[in-house]
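Structures for review follow.
Both complexes shown next keep subunit A, but they swap its partner, so subunit B is in the first and subunit C is in the second.
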Partner chain A sequence: MKRALSLAASVLGLALAGGSTAALADGQDYVTITRGQYLATAGDCVSCHTAPGGKPFAGGRGIMTPFGVIYTPNITPDRETGLGAWSNDDFVAAMQHGVGKDGELLYPALPYPYYTKVTRTDLVAIKAYLDTLDPVRNEAPPNGLPFPLNIRTALMGWNMLFFTPGEFQPVAGKSDEWNRGAYLVEGLGHCGACHTPKNALGGDKGDKVLAGGVLDEWTAPNLGGDLRTGLGAWSTEDIVQYLKTGRNAKSAASGPMAEVVYYSTQHMTDADLKAMATYLKDRAGAPAPVAPQPVAATDPVMQAGLAIYQDNCSACHVSSGEGIARLFPALKGSAVVQADEPETLVRVVVQGTRAAATRAAPTGPGMPAFDWKLSDAQVASLLTYIRNAWGNAAAPVSADTVKKIHGRLTDTAATP
Partner chain B sequence: MAGHKTDPMISRRALLASTAAAALVGSTQAKARFLSGEVPWAPGAATPPEPALPGGWIYFTPDEARAVEAIVERLIPADELSPSGKDAGCAVFIDRQLAGPYGGAERLYMKPPFVAGTAPEFGPQSPLSPAQQYRVALKSLDAYCRSNFGGKGFAELAPEERDKVLAAMEKGEPKFDGFGSRPFFNLVLQNTMEGFFADPIYGGNRDMVGWKLIGFPGARYDYRDFIDHVTEPYTLPPVSLQGRAGWNPGR
Partner chain C sequence: MARKLPKKDVVIIGLGWTGSLLAHELTDAGLDVVAIERGPWRDTSTDFSPTQDPDELRYGIRLDLFLRPAQETFTLRHNTGQNALPIRWPGAFIVGNGVGGAGVHWNGHTWRFLESDFTLKTRLTERYGAAAMPADMQVEDWGVTYSDLEPFYDKFEYISGTSGRAGNIKGQIQPGGNPFEGPRSRGYPLPPLKDTAPTALFAKTANEMGYHAFPRPAGNASEAYVNPLGIAMGPCTYCGFCERFGCGNYSKASPQANVLPVLMRKSNFSVRTESEVLHINKDASGKRATGVTFVDTSGEEWEQPADIVLVCAYGLHNVRMMLLSGIGTPYDPQSGEGTVGRNYAYQSAGAAGLLFEGKRFNPFVGTGSLGQCIDDFNGDNFDHAGLGFFGGASITTSNYHGRPIASSANRAPGTPAWGAAWKKQVSSTYQNASAVAGQGSVYSYRDKYLDLDPVYKDRYGRPLLRMTFDWHDNEKKMTRYIAQKCAEIGKAMGAKHVTPRSIPEHFNVVPYQSTHNTGGAIMGDNPKRSAVNRYLQSWDVHNVFVVGASAFPQNAGYNPTGTVGALALWAAEAIRTQYLKNPGPLVQA
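This part shows the complex of A and B:
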């Protein structure tokens, strides 16, 4: 796997051009396959289509959705259990329209609402790459979805409501770099799968694109320009560094984002990363949420939180909340610390976490679990403190909220 | 390195020594793990310290417990600086320690020969584990007090009488059966100090009284904010491995 990815990185020069039509002759040529490999990496297919401890791309990983667990299929070219019998048209239909080989509707756990923006040329290249993998015989376990969600035709209504098919159309008046970034962010990168909040039926909230979401008790922060909860304080270079190395001077990727960095973005070209950052910094985001009045430092809960912070956290995150650049994330000014949803904060304090260990930053510093010494009420005080200290401002976290999130935590999202 | 002479004898000797050491290491079961790549990490993994069990005495009989409480109360008497060793939980600490691996001498070499009168660097020379030493010596202490103080056990003696007995034990004057009065005095003194200053989760140092007495900040490991202010007092209160009252609002 890793060798395959570094091969992808080594042919970056070839893989760069988004709309290259150089090698469409038969889909079997080296240029198309290596470009497909790069694109499959940019789309992070391997992350979901690999079971823990399983063969890469052979599927079987359980994706936790609010509706039940959905197991990813095998996308190696095995004829019976994989994509071996799929034509390019079958593959494009699945990716652009969410329709399987036999016409069945696919669950949007396959992020086809985003992949629909990927050009047919790129999809055919990805298929050409997948066809070069060793076929693995592996049938995914049946999904754990309740009635009526287990009836796939129910998805017709879902698609009508929440799915707009169509390849990405470059925006006139924006640079090629901006459009390349938009193509990657909105399409293959499927950033919105986590970072766009979902409605009760799991569809994107159209007015809150990339405004921050929650999945499997992880908070995916707002990617808008808000200074407090978004990317406002991050420069283009900060974003590139984060995606390339898993760290920057302010933060570190952990949980599902660590997977994204580990399997996908660290292998992408600097030009593509810069394009994504350029687009993210320039796009018109959803209106920023209004900052609440910070909880007063004299509040007894803040005092308790300060004591817990001094005794447990300050050794790494520093009493000023500024952390240590590229090692321990800053909490001061952090978007995830001030996000409306405290899921990541509860998870990280209760279970600990680890930053992605990348080629550029191979250490992967870890944070230990604190549930053995902090009660849910103490975690709540601590979180209320870090959300309202050092100029931060966010709603306090109640012991009840901590208890609820704590009870739902799984260890499925271990950092790679 | 220009000015240094190399001595071929020494380097040969060093080589031989290191070979011998390698042979020694190689012949024992290696407990170390080799790690490559990333440091292992798993969600929720922790090896928390095991707190002392709450409740009544675990190792001591009620009579033994009374005697040990009476001893630690005199070794660390209550005064204006701190509560007594008894009130700080030193006897509880000793009880829990004697019930555990320390009491069972699990980490001591306990095979004969045991030779009396060896230098300290030869280590303890008793066939008895610490738990057995307490049992045997407390029995002797009880007998000694009953025959010298009108049938009273140590715990029933007046404070001054207890001090007299302890002072005599420190000099090794009372003849104890099986484990000498002087080594026993040293053992209890050592364990009492440990109980007074160990983390409260082990049963002693109740409310961190020992740490407050000497200004020890407890289980902390970040002094960067204070390292440049050596002339100013350190203001953070002590903290145990399991926290402090201030972690709860309004405390």
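This part shows the complex of A and C:
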């Protein structure tokens, strides 16, 4: 086992963090455990490592990837099926290098390309917390990956291409707050897992970090500074409020982001949320896409969309598209509405969704499903309308696009 | 044999307004609370989705959200000489069912009763003399005063997001508000709703006639709002489907919109839906309740032990639960002794139907509680000397719906109720009909009461509640007086046809009138004349509190919910600050 681990490490040309960690590994240290709990919350481990209806952290949730379904493992301290027999070194190797206990390479569905930035001290604290959970015996189902992806050594090449190991290094000249935010956003928060677009092999597009991606038919918007499709119109306070409550005056978290807010960010300290917001507002984003000419209001598709909007949407999102703060998201100026990828729009109109109900915003307002009421062509007109009304500008959505996305929708989008 | 569940601190019978308010307060105090609700779980985004059309047939006519007579109904007779018969389809009143209770289907009128309403017996006796009152009228003081309840009225209005304009803040009369109301500590949380053509016309006319018009206090949010629990409401869209419908826009005050989002997150609260409490259990002494027994949908019986039992069902059901459980002494109209079932009262309507010509009222633009009112003829706001009756009504022109089926009942005198002439009329009257309507008081009488029916039983073999009720001369005279005032205003508004309406000779249970049944477990200072004390605590079994309009000693000229909400919060405060420290009677008998 030890041999396999060092073999894998040497193949990848990695040097595991040196030095003895015995001094840090006191599993009974209360301060370390509570810090680990906080960090595990910040990393949102529970979200992926819990099957629907299953025990928390006991794994078994299917993660949809473009290549097939990958089931998350049990991370409770059960010795047979969980992490009970893992040492701190084993855990750090997995998180920082994507290497399992027996030296096997892990699929990057475990976002180790981000976790590699997390300090060993923090990872050991997370492990100390996980060790305090009730052990649950639960073996994850086999993954549904096709050949050759089911051969884990294939990941060696992937790692060489797309994986840059190494803990986060503070940027000189930036404030402690900025660096803390960068550490959380780029590392434990693994925001890029959804918000950075992927190439054909599932690796991050290096020139488009946090520029917006699509995962399981959800659009994760651009976190750059673009006014139209990014966070340009959001203040630091807007971002903090969104992460803290799942709402702000402009938007509401639903789908996978509702999970992030529900399980993770609503429990984070205001200081950490402000640090993340500070970093997001200041970091140099990828160049913004050029805004298209808006579709003319006189266009028959826009006319049809307007009529559908007035009848079906305006009671909540109001005629001016400005919504109602904390309940009904604004569509005017919305990054999701104007994103190049209309996946989220199609999904929420066709399938409906629900905003996260959080401690600070306990009502989880529902967006009803319209699939029984609107045809794909009507949905397309409606989406083209909201993408080009009230000063919005985005490419029209065709009925064919709606149909394709509609056909791919699975029913896995339950909001917590 | 009922299976026994682990004991809770508090068991609540019914999860409507009072149950959810008390659950919220008592879980905040650290108690472990379970609510047992006969009807289904109901939630805004899944049950009242705005993508569904508000279907008048389903909700308004077939009463989708309401209690089915097969679950429970009532028997009715006019006097003790008759045999009561069961109500086989809801008529005069329609009772809610499921989580949220009547808070789901109500319109939202959020009134405070008048200061004089709470000390009615003293007030009428002092002002007019005992001899002026009918011999069989048995009005009572409440045992609480308006100023006792003011902080709790305020709290309920802020939790439920009431839209209105204050008329009296700390004794200072406010322009445009109700000058007759008791002093309030501050204004409403939200400004009044916007008027529509008929309500604006009423306000203008009433003010010109020297009356004092003000917007009806409405549990329909006029603006976006966040209540003190941190729960957001959306502004009302004036869709006009409040009454008999749930609200999908988080705009109508309800347990769902205003309390449950916080309550349901608490680990020390749980609810069992579709579970019907059969009776409250008592220990061998008979002076202490030990919990409740309920039955689930599979017919299995369960015992839920608890230290405190809160009876928070619909008012009439509260009374029946006490009678079925042997809590308190049943009222006997012959001897006048006993308290449970005593002082049942209802609501009375004196009104004038109005039909204009050439108007375009667009009644579909409305909200459940939108209206302009006057209180000049309510309660004891006017001198009753020589009038031959007591009581009165709040008088309102409202714009609470434009439902097509209900609205098609409006027609000009002489128009047939069917056929081509009727069809022609319907389209014109839809835009021209309005009303000036009184929401009138009903006072209590010795011979009008509630007890268990000796013949008819429910599906579990328990006797139904028997109502013995008919109109008394006092209310007939009062509603004729109010109808005349309504008609005068209607004529001054310019209506072409004005049709005064008052209550008929005998109570008729078939046409819908009002769901404001009150009394039967009334509060008061005297255990011989009231079933519960001023904290709504049973005089006989100290760990049972009975919360709702069942506590009203008589009914005022207003809708009850504001007062019901205030009483629930008042009782919660007494339990938190007094009862928990020293469980026992809070008032010595």
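The criterion applied here is as follows: the second predicted complex is superposed on the first by the 391 of 416 C-alpha atoms of A that agree within 3 Å, B and C clash if a C-alpha of one lies under 4 Å from a C-alpha of the other, contacts with A are read in each partner's own complex, and residues count from 1 in each chain.
Just so we're on the same page, contacts are C-beta pairs under 8 Å (C-beta built on N, C-alpha and C of every residue); 3 or more make two chains touch, one makes a residue touch a chain.
Keep in mind the model is a prediction, meaning the values are calculated, not measured.
Of the two partner chains placed by the overlay, only subunit B lies in contact with A:V301; subunit C stays clear of it. By the document's definition of touching, of the two partners only subunit B reaches A:V350; subunit C does not. In the superposed model, A:E104 lies in contact with neither subunit B nor subunit C.
Of the two partner chains placed by superposition, A:D134 touches none, neither subunit B nor subunit C.
Subunit A has more of its residues touched by B than by the other of subunit B and subunit C. Residue contacts after overlaying the shared chain place A:E80 against neither subunit B nor subunit C.
Looking at the shared chain after the overlay, A:I324 reaches subunit C, while subunit B stays out of its contact range.
Contacts of A:S381 after superposition: subunit B is touched, whereas subunit C is not reached.
Of the two partner chains placed by the overlay, only subunit B lies in contact with A:Q310; subunit C stays clear of it.
When the shared chain is aligned, no partner comes close enough to touch A:D400: not subunit B, not subunit C.
In the superposition on the C-alpha atoms of chain A, the part of subunit A touched by subunit B in one complex and by subunit C in the other spans residues 315, 354, 357, 362-364, 366, 368-369, 373.
Residues 44-46, 49-52, 224, 226, 229-235, 237, 239, 249-250, 257, 261-262, 265 of subunit C are the ones that touch subunit A when the two sit in their complex.
Of all residues in subunit A, those touching subunit C in their complex are 312, 315-316, 324-328, 354, 357, 359-366, 368-370, 373. Residues 37-39, 41-46, 48, 219-222, 224-225, 236, 239, 241-244, 246-251 of subunit B are the ones touching subunit A in the complex. Listed in rising order, the residues of subunit A touching subunit B in the complex are 300-301, 303-304, 307-308, 310-311, 314-315, 318-319, 350-354, 357, 362-364, 366, 368-369, 371-374, 377-378, 381, 409, 411, 413-415.
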